[in-house]
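What follows is a single structure, and I will ask about it in a moment.
A, B, C and D label the chains in the order they appear, each numbered from 1.
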Amino acid sequence: MSILEVKSLSLSFGGLRVLNEVSFAVEAGTITSLVGPNGAGKTSVFNVISRLLTPDAGEVWLEGQRIDALGPHEAARRGLGRMFQDPRIFKGLSVRENALAGARIRANHPWHALIRDRRTAQEWSETETRVAGILAEFGLGTRLSERAEDLSFAEQRFLSFARCLAGEPRVLLLDEPTVGLDIRAIANFTERLRQLVRRDGITVLLVEHNMDVVMAISDCVHLLVQGQIVASGPTAEIRRHARMIEAYLGDRHVAQGA
Amino acid sequence: MAVGFAIIYNTTRVFHLAHGAVLTCAAYCFYVTVAVSGLSLLVAVPITVAVAAALGCFIEFCVYAPLRRRGAGPAALMIASLGLLVLFQNLFAIVFSTDIRTVRSGGLSIFQFGALTVTSLHIVIAIVTVCVFAVLQLFLTATKQGRAIRALSDNPQLAPVVGIEVERTYLLVTAIGSGLAAVAAILLTWDLGVQPEMGFLIVFYSAVAVVVGGAGYLPGALLGAVAFGLVQQLSIWQLDSRWQNGAVFAVVLIFLALRPQGLFGSRLNVRRA
Amino acid sequence: MKASLLLVLAGIAYGTAAAAQEPIKIGLSQIASGPYADYWNRQVNKPAMLAIDDRNAKGGVNGRKVVGILEDNKGDATTGAAVAHKLIEIDKVNAIFVAPTPPALAALPIAEAAGVPVLSTSTSPKIGQSPWGAVAQPPADRAGIGYAKFVAEHGLKHVASIAEDNDSVAISVNAFRSALAKSGIELVDAETYKAGSQDFTAQLTKIRAAQPELLLMQSASAASYGFILKQMAELDFRPKYIITYYQITDPQVRQVAGDLVNGVYFLQVPVDAEWNARVFKPRMGYDADGNGALAYDALAIYLDAYAKAGTDDPKTVRQTMLDYQGYKGAVGAWGYNGQAVTQLQFEVAQVAPGGGVTVIH
Amino acid sequence: MGYLVTLLTIISIYTILTASMDLVLGYAGMFSFVHAALYGVGAYAAALVVLKLGLGLGAAFLAALAVTVLVSLVTAVITVRLEGDYFILGTFCVANVISSVMDNWTDVTNGANGLYGIPPAQLFGWTIAPGVPFLAVTALSAAAVLWLKHRLVSAPFGICLQAVREDEAVASVLGNDVRRVRIVIFAIGGAITAVAGTLLAFYLRFLDPTTFTFAFTIFVWAALFVGGSVSTLGTVVGPAILVLFPEALRFVGLSGTHVANVQQALYGLLLVVLMMYRPQGFFGRHAMR
């Protein structure tokens, strides 16, 4: 069954139609890409799914439950993880604190902050270790106490990714995660992504401009143009889809030619 | 005044408390030029406006701009602005003493329109406000700089992209806003007189007016100010005047809670995604 | 922070050192900042200091020099308490002179604990209730009764009031109301406004609608009298009588309201014109109003009593002052007559054109 | 040395308020303009319980606590959804409404006359004498508040607060109920002002509305910014400086007419300079943005 499903989403800002009857499904344990030219409404779709925006019409289903009436935090608590296009890390906080901010634990509650019963304390310390582990995998393990704003852009990107993973999401929305990363970083990143899907069984919905990445890692691709899904299908097929070539590969060949 | 505050606030998004300092400075400047050196209004008014505009730009140039360059956000700017207000208030208290200073004494000629009595000044205020406002609107809509200002207040991020020199526009905005403050100051001084502490509350009232009217929409500021004034006057008839202040702010509060975007505000207060 | 702490300590050292010498110290805990600062300096702080200078000119108290120590209490209770402690414990003052009511009330428990007399020209009678307090100002309720007396004498039936929202004013207005009630006169409208307001049109419009024959104005700042008079004229609201408190004679009123102030009735503490011309005006350059005169007398009579008592025991000195007969000063001959609150009565006067005052009775 | 004791007592009380402000403004980034008013509500509640019911410190504190928490909850619920400056204005309105009630609900608050004749604090039948004993109580309370605050913010809850301050949207998609976090911390802040209010009532033993005008909120802000937000040391140093500096001026012979203005002017200047060269205050870890 599909773990995440959006049904005929429509959204408009002040008369401007941003999304028009957008429907697609994401199968559990897959990497699904949502691609399309700038301003096609990809980020809006993400904002609707993660409940930062409320659609004019349409439904969002997560693991068989409707979530389009919930608040963003409730959606998150049901296993939805969201990573923004620009890292949007908490500049004022340390690397460690940033990552920890993603974890949802008892100690987030003021009461348990005061009365630290054994369960709270244990969970807290476990989380600290787990988060440190995640950071280590991104090569930030030695820099836990540094201010996040001192990190390089790529490191900030990784940090916000780690922050996202700290919440142990089952479905992960990634908005252009490879922008501004160099080849090696991208490789490292895609590897992590595969691992997440294979090892931890996380489902990924990816918005990505880098077609190499898209084609390399996604099982399934949806093409969004001017707020409408114009093509969907397994990567192998979509690669050859006319609209797809028109929208991307076409001008990419030109770019290579030049 | 509210309008002056509004235009600065909408564009620079600075909660510009120091506007009160500008107002007070203008008021004293007017007092000095008229009452002390006995110059004619024709001379005094332009001088006052110029001085106010200058001070406004000085603050913008020496405090706000550097702060922005240091990546300071609204909070820092507001505190700095608060500091400026306190600083100026007390400087004026030292120079001019805390006694009220007036440029004229006695009542004003009054006119009877049936039931209601209005003073000559009220009429002048009404006319001036309308004129200033009309000119401002014209400037904002018809001229290049005007459009630049509006663009900047609509979308600070995008403005530079379409080739607007942000800092210069901020400076312009501040100059205009401060000029308006000067006009308000002159009218106030003419009606009531000057005191070092006059600025603070006026700024807050105009801020309230701006919010009531709806930030991002200039006529809103004007209408907001009127609405605010009306509530203030009417509340006294409805209940004991002791409760005037409380009542007015209770109304504003309820209003804020129910309609945060203001009477005519287009800017919706949805959380930025 | 270290620096300022050191300063404090240095100050304490200084304070105790000074206490070793013999002068009689009077602590003035008064307003020296804020919107009312200048009036306060003119009509409270300087006159008080003047009284001290005059005493020293007469050779001080039994040869001992008198020192006045002025501290700003901002008119607020918290600062008032700190100032009281400072004056009592560091400067070791023999008495505290504090006029504004909140700091006075905050200072009382401290002074009582330390056994230091509190001289005051506050219009609040509360200070008089303390075994260490002494109030030289006729309390506010007496003013209220005074107004009511005026109303009765002129056989008025419809009266209204506009008053600032502060303690002593509230007291006098309430006294006014109840005194009127006794003689069956109706207070048709009683409006109030927040301290520091400048626009009274709303209140005045409402009062005008009630068409009173007399309007009572009560405020803490002279300027607001000016605005009220001005805006009354602008609303074409001219009651037969306007009565108010003696602050109406402050130059600020005429500055704001011009000739509109002429003919306004007011209750005044009978300032001795001869004293004002001889002692006060030549050195101050302006006339003393009731506050000024009383501030002067409150200290002068205390110092006289101190000399008479011939002891440093504060309780004896205070008692001597309260029983002291035959003092003649800024408000003529008066005394406490054994009471903690002066028995001084108001007289009705009227503002004359050109700034003078004509006393009615 | 009663005078020093006074100053220290005042500093302790202000420290409590600054700590509360640090939680609300420093950590959660909410510019509360209502703190002085809440402080007043607490003080009045405590004083009334003592004057009308003749109860002791404990009962007075509980009453103050209940009332301030209630008021701050209501305030938060109304104003919390307002953004930035709108929130400032919202709380400014609440502050005005509250002070209007203090001024005019004469039957209870005795209006502008204030509440007079509050007896010295009674705790479990013991009388806490003014001076050193009372200072001890105040200082202990301050210490307790600081410990409480540290306990709260050293846990992940502190991170949640700052996350909300730094980026609402991100905080919410990370699973924080932004609205709830804000309301909760505002209520906690209110509860803390109750401590300060109660202590003030028993320290001054006289209350009047002028003590709790929004000018005092600005003083607390200044104390926080000077000392530095998001820090424990800052919440002590800030008030200490702002209280001791003017008092120190008294001793270098600077008191009287213009000093007060000079002093105020200086502290206005200080705020500007701080924002330009040290936006995190003297001991703060978080720079105002």
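By our rule, a contact is a pair of C-beta atoms (placed from the backbone, for glycine too) under 8 Å apart; a residue touches a chain by one contact, two chains touch by 3 or more.
Bear in mind the structure is a predicted one, so any value in this text is a computation, not a measurement.
S.K.: Strictly by the touch rule at the top, which chains does chain C share as contacts with chain D?
M.R.: Chains that touch both chain C and chain D, as defined above, are B.
S.K.: Using mean Cα positions, find the chain sitting nearest the overall protein centre.
M.R.: Ranked by how close its C-alpha centre lies to the overall one, first comes D.
S.K.: Taking CA centroids for every chain, report which one is farthest away from chain D.
M.R.: If we average the C-alpha coordinates per chain, A ends up farthest from chain D.
S.K.: Select, from B-C and B-D, the pair of chains that is joined by more C-beta pairs in contact.
M.R.: Contact tally favours B-D.
S.K.: Any idea how many Å lie between the Cα centroids of chain B and chain C?
M.R.: Their C-alpha centroids are separated by 38 Å.
S.K.: When the centre of a chain is set as the mean of its C-alpha atoms, what distance in Å lies between chain A and chain C?
M.R.: 72
S.K.: So what's the Cα centroid distance for chain B and chain D, whole Å?
M.R.: The answer is 30 Å.
S.K.: Measuring centre to centre with CA averages, how many angstrom lie between chain A and chain B?
M.R.: 45
S.K.: Where in chain C do residues touch two or more other chains at once?
M.R.: In chain C, the residues touching two or more other chains are 33-34, 37, 165, 194.
S.K.: Hey, what residues on chain D touch two or more of the other chains?
M.R.: 103-104, 169, 172, 178, 261, 264, 287, 289
S.K.: By the touch rule stated above, which residues of chain B touch at least two different other chains?
M.R.: Residues 93, 240, 242, 245, 271, 273.
S.K.: Chain A touches which residues of chain D in the complex?
M.R.: Within the complex, chain D touches chain A at residues 148, 151-160, 162-163, 165-167, 169-178, 184-185, 188, 230, 286-287, 289.
S.K.: So in the complex, which bits of chain C are touching chain D?
M.R.: 1, 3-5, 7-8, 10-12, 14-15, 32-34, 37, 41, 70-72, 74-78, 81-82, 85-86, 88-90, 102, 105-106, 108-110, 113, 124, 126, 165-167, 170-171, 194
S.K.: Enumerate the contact residues on chain D facing chain B in the complex.
M.R.: Within the complex, chain D touches chain B at residues 29, 31, 78-79, 81-86, 88-90, 92-94, 96-97, 99-101, 103-104, 168-169, 172, 178, 218, 221, 225, 258, 261-262, 264-265, 267-272, 274-276, 279, 287-289.
S.K.: Which residues, counting only chain C, touch chain B once they are in their complex?
M.R.: So the residues of chain C in touch with chain B come to 33-39, 165, 191-194, 196, 198-199, 201-203, 205-206, 223, 226-227, 230-236, 252, 254-260.
S.K.: If we count contacts the way the header does, which residues on chain B are in touch with chain D in the complex?
M.R.: Touch residues, chain B against chain D: 9, 15, 63, 66-67, 70-80, 82-91, 93-94, 204, 207-208, 211, 240, 242-243, 245-250, 252-253, 256-257, 260, 269, 271-273.
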